[in-house]
Amino acid sequence: MQRIAMLGSGFIGRFYAESIHGQRGRDRVVAIYARREESAKKFAEDYGCTFWSTDMEEVIAHPDVTMVCVALPNNLHEAAVMLCIKHKKAVVSTKPLGRNGAEALRMMQAIEGAGIFGGYLEDLCYTPKFLKSKQMVDNGALGRILWAKSRETHPGPHSNWFWDKEQAGGGCILDLGCHCIEIARNFIGKDIKPVEVMCWAATQVKPIEAEDHAIALVKYENGAIGQFEVSWTFRGGMDLRDEVMGTEGTIWMNNFLRTGFEVFTTGKGGDYVAEKAESNTGWLFPVGDEVNELGYNHMFTDMFRSVEEGTEPAETFYDGYVVNAIIDAAYKSAKTKLWEPVDLPVWRGQEGLTPVSTLIDYDADYYLIKEEVTHDGRHKVILKDKKTNEIIERDL
Amino acid sequence: MQRIAMLGSGFIGRFYAESIHGQRGRDRVVAIYARREESAKKFAEDYGCTFWSTDMEEVIAHPDVTMVCVALPNNLHEAAVMLCIKHKKAVVSTKPLGRNGAEALRMMQAIEGAGIFGGYLEDLCYTPKFLKSKQMVDNGALGRILWAKSRETHPGPHSNWFWDKEQAGGGCILDLGCHCIEIARNFIGKDIKPVEVMCWAATQVKPIEAEDHAIALVKYENGAIGQFEVSWTFRGGMDLRDEVMGTEGTIWMNNFLRTGFEVFTTGKGGDYVAEKAESNTGWLFPVGDEVNELGYNHMFTDMFRSVEEGTEPAETFYDGYVVNAIIDAAYKSAKTKLWEPVDLPVWRGQEGLTPVSTLIDYDADYYLIKEEVTHDGRHKVILKDKKTNEIIERDL
Amino acid sequence: MQRIAMLGSGFIGRFYAESIHGQRGRDRVVAIYARREESAKKFAEDYGCTFWSTDMEEVIAHPDVTMVCVALPNNLHEAAVMLCIKHKKAVVSTKPLGRNGAEALRMMQAIEGAGIFGGYLEDLCYTPKFLKSKQMVDNGALGRILWAKSRETHPGPHSNWFWDKEQAGGGCILDLGCHCIEIARNFIGKDIKPVEVMCWAATQVKPIEAEDHAIALVKYENGAIGQFEVSWTFRGGMDLRDEVMGTEGTIWMNNFLRTGFEVFTTGKGGDYVAEKAESNTGWLFPVGDEVNELGYNHMFTDMFRSVEEGTEPAETFYDGYVVNAIIDAAYKSAKTKLWEPVDLPVWRGQEGLTPVSTLIDYDADYYLIKEEVTHDGRHKVILKDKKTNEIIERDL
Amino acid sequence: MQRIAMLGSGFIGRFYAESIHGQRGRDRVVAIYARREESAKKFAEDYGCTFWSTDMEEVIAHPDVTMVCVALPNNLHEAAVMLCIKHKKAVVSTKPLGRNGAEALRMMQAIEGAGIFGGYLEDLCYTPKFLKSKQMVDNGALGRILWAKSRETHPGPHSNWFWDKEQAGGGCILDLGCHCIEIARNFIGKDIKPVEVMCWAATQVKPIEAEDHAIALVKYENGAIGQFEVSWTFRGGMDLRDEVMGTEGTIWMNNFLRTGFEVFTTGKGGDYVAEKAESNTGWLFPVGDEVNELGYNHMFTDMFRSVEEGTEPAETFYDGYVVNAIIDAAYKSAKTKLWEPVDLPVWRGQEGLTPVSTLIDYDADYYLIKEEVTHDGRHKVILKDKKTNEIIERDL
């Protein structure tokens, strides 16, 4: 059983607490830190915490607490983690780990140096669909992975600090791109080095300094390509879609807006107010069990089991740091308009990979381009002459 | 915390155990009864049970056990429940409750008489989509409910006893129709009396005595209509779809085969073996988290909380008995080819309802049939004269 | 080239004219009959007709006219067809053919007796998805057909005569059920005799005498089952879905409301008014090319080619008559609450079929119930002993 | 009526001919040119052409011919167009117009100089879904367009010349990207100047010199962004999806692989052979009416009407030239890894646009970032101080 100190009483802290206390969970949020007293008290009351304070260190240090959960604005992550280290408390942090790679690297090195458990709360790498997809990909169902794309767009976050570049460290790339990057990295392979990034970013709609829309490509050393599409300007709800292409298959995941649940209501039927302000009449697409669909259950289970069994969780501070490094390159690229290298002072995966050769022998003289049965029944191959490079068709 | 004795070590018993032990559950299956010693031992080993036996009563009576979970063939439910009563153990039973209404009524009256907790494990009334839909319907988002249909079809069950009419008590109506009936009943209203049933059933494909395909209509006292479509002959996977129509809205749920998760694989990529034998190459439609999507998590949470808090679970032995009574009428109707009344010696809902009047006043002289804006921009009403019954159009 | 006289200038007549004149069609609507002069004139102007009249016979008899298209309320079909016969004009009629089987039979026998071409404008048996499905079914892709269901529901028709039982002959069963019945009949086999019908019908919402919601089963002589679900009370648009189950496969068609085209609009963007009054903001699901998706193009092509080549179209007056006969049985059943026989004084298909035997030999001693690979890797068969009827499992 | 000379008897020429002769079309392919005599003869026989030849000029010059349809490999387009000009024949050309911008510009200037009709056969800008979407976007249903993405991927083309860089001029960017670019350009606005392109391209799977996978961003002068994703390595069928985001809405189109038509077949049912070699058992997703869904009907209707009425078709040689210019920039960018400017020596749209300001006044002191109702019922705004840039929340 884990006894958790929650740092932060906002939207995400409450979501975490509800997830941890949900179903028949044996773990409990026992302490809460919030900057404002009334927020801390309210949270403590709502979730049955035995201790609350507006002094972060006091909460972390509380003897009942076995693990600290960081659910604070991005600019406060590092200080919180350092306090956990000081008090030797296992820590899990919301995403992104830092505002940039340097912050994230310091956090990672600090917890590793201190021998403290550090889990990275990348919930979208724990959704049920993701977990099953990852297993399929690892089993080879898709062959060699060529491309992995993740898209996360919605009409913008709920709390004001997200919109403030200083506190958040950036805009939708930091807020949403961190998910997308780690999803793609999991499919392409965590041991495959991300080498460079090209990013377009713009502030198209909102009166803010940070970007509200961005698209980027992440090149991996083995020739695979990652892609993310993120925005705070999407209209229609929250769009969370991932796609993977391999030499032998394809995966399409829709995590939120099209999950086999469709409702039409004229709105005249009663007091009903829908969960999203975008629309509450007409066709609506609710999610059955948000906490589960968004990966919270599987994420906390992995974190708590790992700390109890002394193993590594699927998502660690090291992963958070790699993600931050890719984001840094994306921000740089958005400015310089160049493919920017990913700066990874620490790298623990494979090195020196090259793209796979595409020359598949058909026979001694030809490479195989394609074998197919056409709609008029011809069974044919398209071949390339190894010497002349001439491309021919041959009926079988 | 609940300490459960599982009766039955087959497919469903294992599924239950995995669900109970999943995530961070605080409850444990501590004892197992199976007819064959090696099955009991294997199950005990797999799920860490401290006690196993081929003597059912011994398992039920074991002092460590706080609740008994019946996961046996249908013909053994009643005996198991009676033993639970004898030993004063809370009991939850898999669906259907009995093979027929008489069995179910005896079980219900016995546990109620003994003051024992009795939960009906109707998992499909606990799926995340169902729970949210039910809440919407209860809040009036769909207006008055007119029709509720549930469809459950697949290529047939895994265990041999299902195919044996004596043990199972029937075919796919008992196996699958029990789900569908209770789903529709929840949407139409549990306090609305089901009055008669018309059922078509046939053995179209399988060399069995029981039906492998059936369709039925269940008429409710307030004029609403329930419908079920069940089959063991469907090709393509497991099809679980529910639909509800109300005067102000519509709900469509797809619980299994189209949930926003799509995979294509050539099958050449590796050792991958898919979860269903129907197809393991081409386009596949896996479910992310079966246990959650099928309602097991929410179901056991409701059962365990209810027994601990002394409240009624959402699905009780009474509900199981009503479902069995409707099934009895369906079987009778399939034989007599008549609308057969539902025999409910015990009924705890409303009585004497009549269908709602459809005469909506437009003004003193007319009833309103329809108001619409046509595609050429006319805003018009279609009205019915209260005296002459003449139907007219009027532009607004 | 066909020169068509359109009888009726309402919604369906206009839809037909637009379809015939659409794309690069070589055929032309040259004459129009309407009951009201201004309607006839307006239609003539809109579609470039050279002749209009409020005298139906005059229009039919016009020497320029090669074919008459009946687009009138149901109660006027018979008289129109009789006039076509009198003037020896090829005729195609909108659905349903008659208000009942007797009317339809008279029309069929009259045109056949006179040697006149008679086409039945059952557009939903000409949708692109239907045509391809039919071909697949005919090629055996689904094996033996077990069940064919068609669903057509929407918020009610546009013209007032539909709501008047005398003119229309009935409610949504006649209006929508005629489509569904013929769709199912095509899949099950037009030469398979429909033998009896069980129908539930009710007036749940509208202040009318006819039914606004109905569900029916149609039993075919070979044991296959047809099903229709029709309503004028559905909220959310027009729902046109067909499903077919065979021993070797399944088809699901969505013809209108989910065709891969999804639009979200806040409604603030401009003058945009959506095509359906049900909702014009939020998520909308338009159809790309209504005329094509609803089968009009392929239907008229078949009709015009057939009359020019002297062949039979896919849908004839005979088909219209069979459909009406099934509808008659449905109405009767809704009243008597009994399975009512389909009265077919003329029947041109197979006779005396019986359901297929389901006893598939596994070996000399056993019938095969099921062969499967379970999720734990067992490859097993479930068998039934030919003598004892005992059901056993055997690992392979 | 048009009398067409088809140049090219391959896959696309046949597809065009079938489309033109389909339904009740009044136009006819009357002459065919093919390089090989037997191909020309076979085509003439199949489609009832009265004239065939292996001499291209002879076919173009034939007095019966009113319009020439270029359905040749890319490297032969220019010569064919020049012959049409010589013989003063209206010409429509398959996509892409040229292998590069210079070729396309020469063709455009030559036909314009000669006063010849030149239509660009960009079928995917004529699909029913596209046409309706374009109308919605033009009506303002989506507000200001921010992003338009088009994706076209499949397992590779059927004819060998596509795989030969010299004949084709490139790989999947030329073959598929030309569609995607013009789709996005239509939504963003044809009068908005495309200014620069960033493209990633690779040969990941096929033993060819050209790219088999590419992703690119196209920046428009008003700040909107276009995106294309193209590949010849996709597994699972042909994936044609378009998405558009605007300030007031969203459009999602699936043109081919998910159109509401789903078939499962075990493959045991008969002789059935499916239309695509990727898979012919399991779940299949056919298209109802390919010719219509892919836009051929609407495209030829527009071309033939335009030439007869002396108007411009929706897609002209000018459009083809702009697309080729964007493709040139994409190829250059894929090599230089830089954002490359689009070189448009001729430009007929707006000039000098700048991105729209995102500063929306809330009141005298604040800009509005977001207004929302949160799930706990708060109605609040997020505002930005015009002077201090501070971001605050305010409850309403």
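By letter and in written order, the chains are A, B, C and D; residue numbering begins at 1 in each of them.
Keep this in mind: a residue touches a chain if its C-beta (ideal position, glycine included) is under 8 Å from a C-beta of that chain, and two chains touch if they have at least 3 such contacts.
Predicted model only: the values in this text are computed from it and were never measured.
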item	value
Third chains touching both subunit D and subunit B	A, C
Gap in Å, rounded to a whole number, between the CA centres of subunit D and subunit A	33
Chain centre separation in whole Å, for subunit C relative to subunit A (CA means)	49
Length of the line joining the C-alpha centres of subunit A and subunit B, rounded to whole Å	36
Junction residues of subunit B - those touching two or more other chains	235-236, 246-250, 264-266
Graph class of chain-chain contacts, one of line, ring, star, complete, other	complete
In the complex with subunit D, residue positions of subunit B that touch it	235-237, 264-266, 278-279, 281-285
Contact set on subunit B toward subunit C in their complex	146-147, 153, 155-156, 158-161, 163-164, 198, 200, 202-209, 212-213, 215, 217, 219, 223, 225, 227, 231, 233-236, 245-250, 273, 275, 277, 337-339, 355-356, 358-360, 367-370, 372-375, 377, 382, 384, 389-393
Subunit C partner contacts - residues on subunit D that touch it in the complex	23-27, 127-133, 136, 139-143, 246-255, 258-272, 286-289, 292-293, 297-298, 300-301, 304
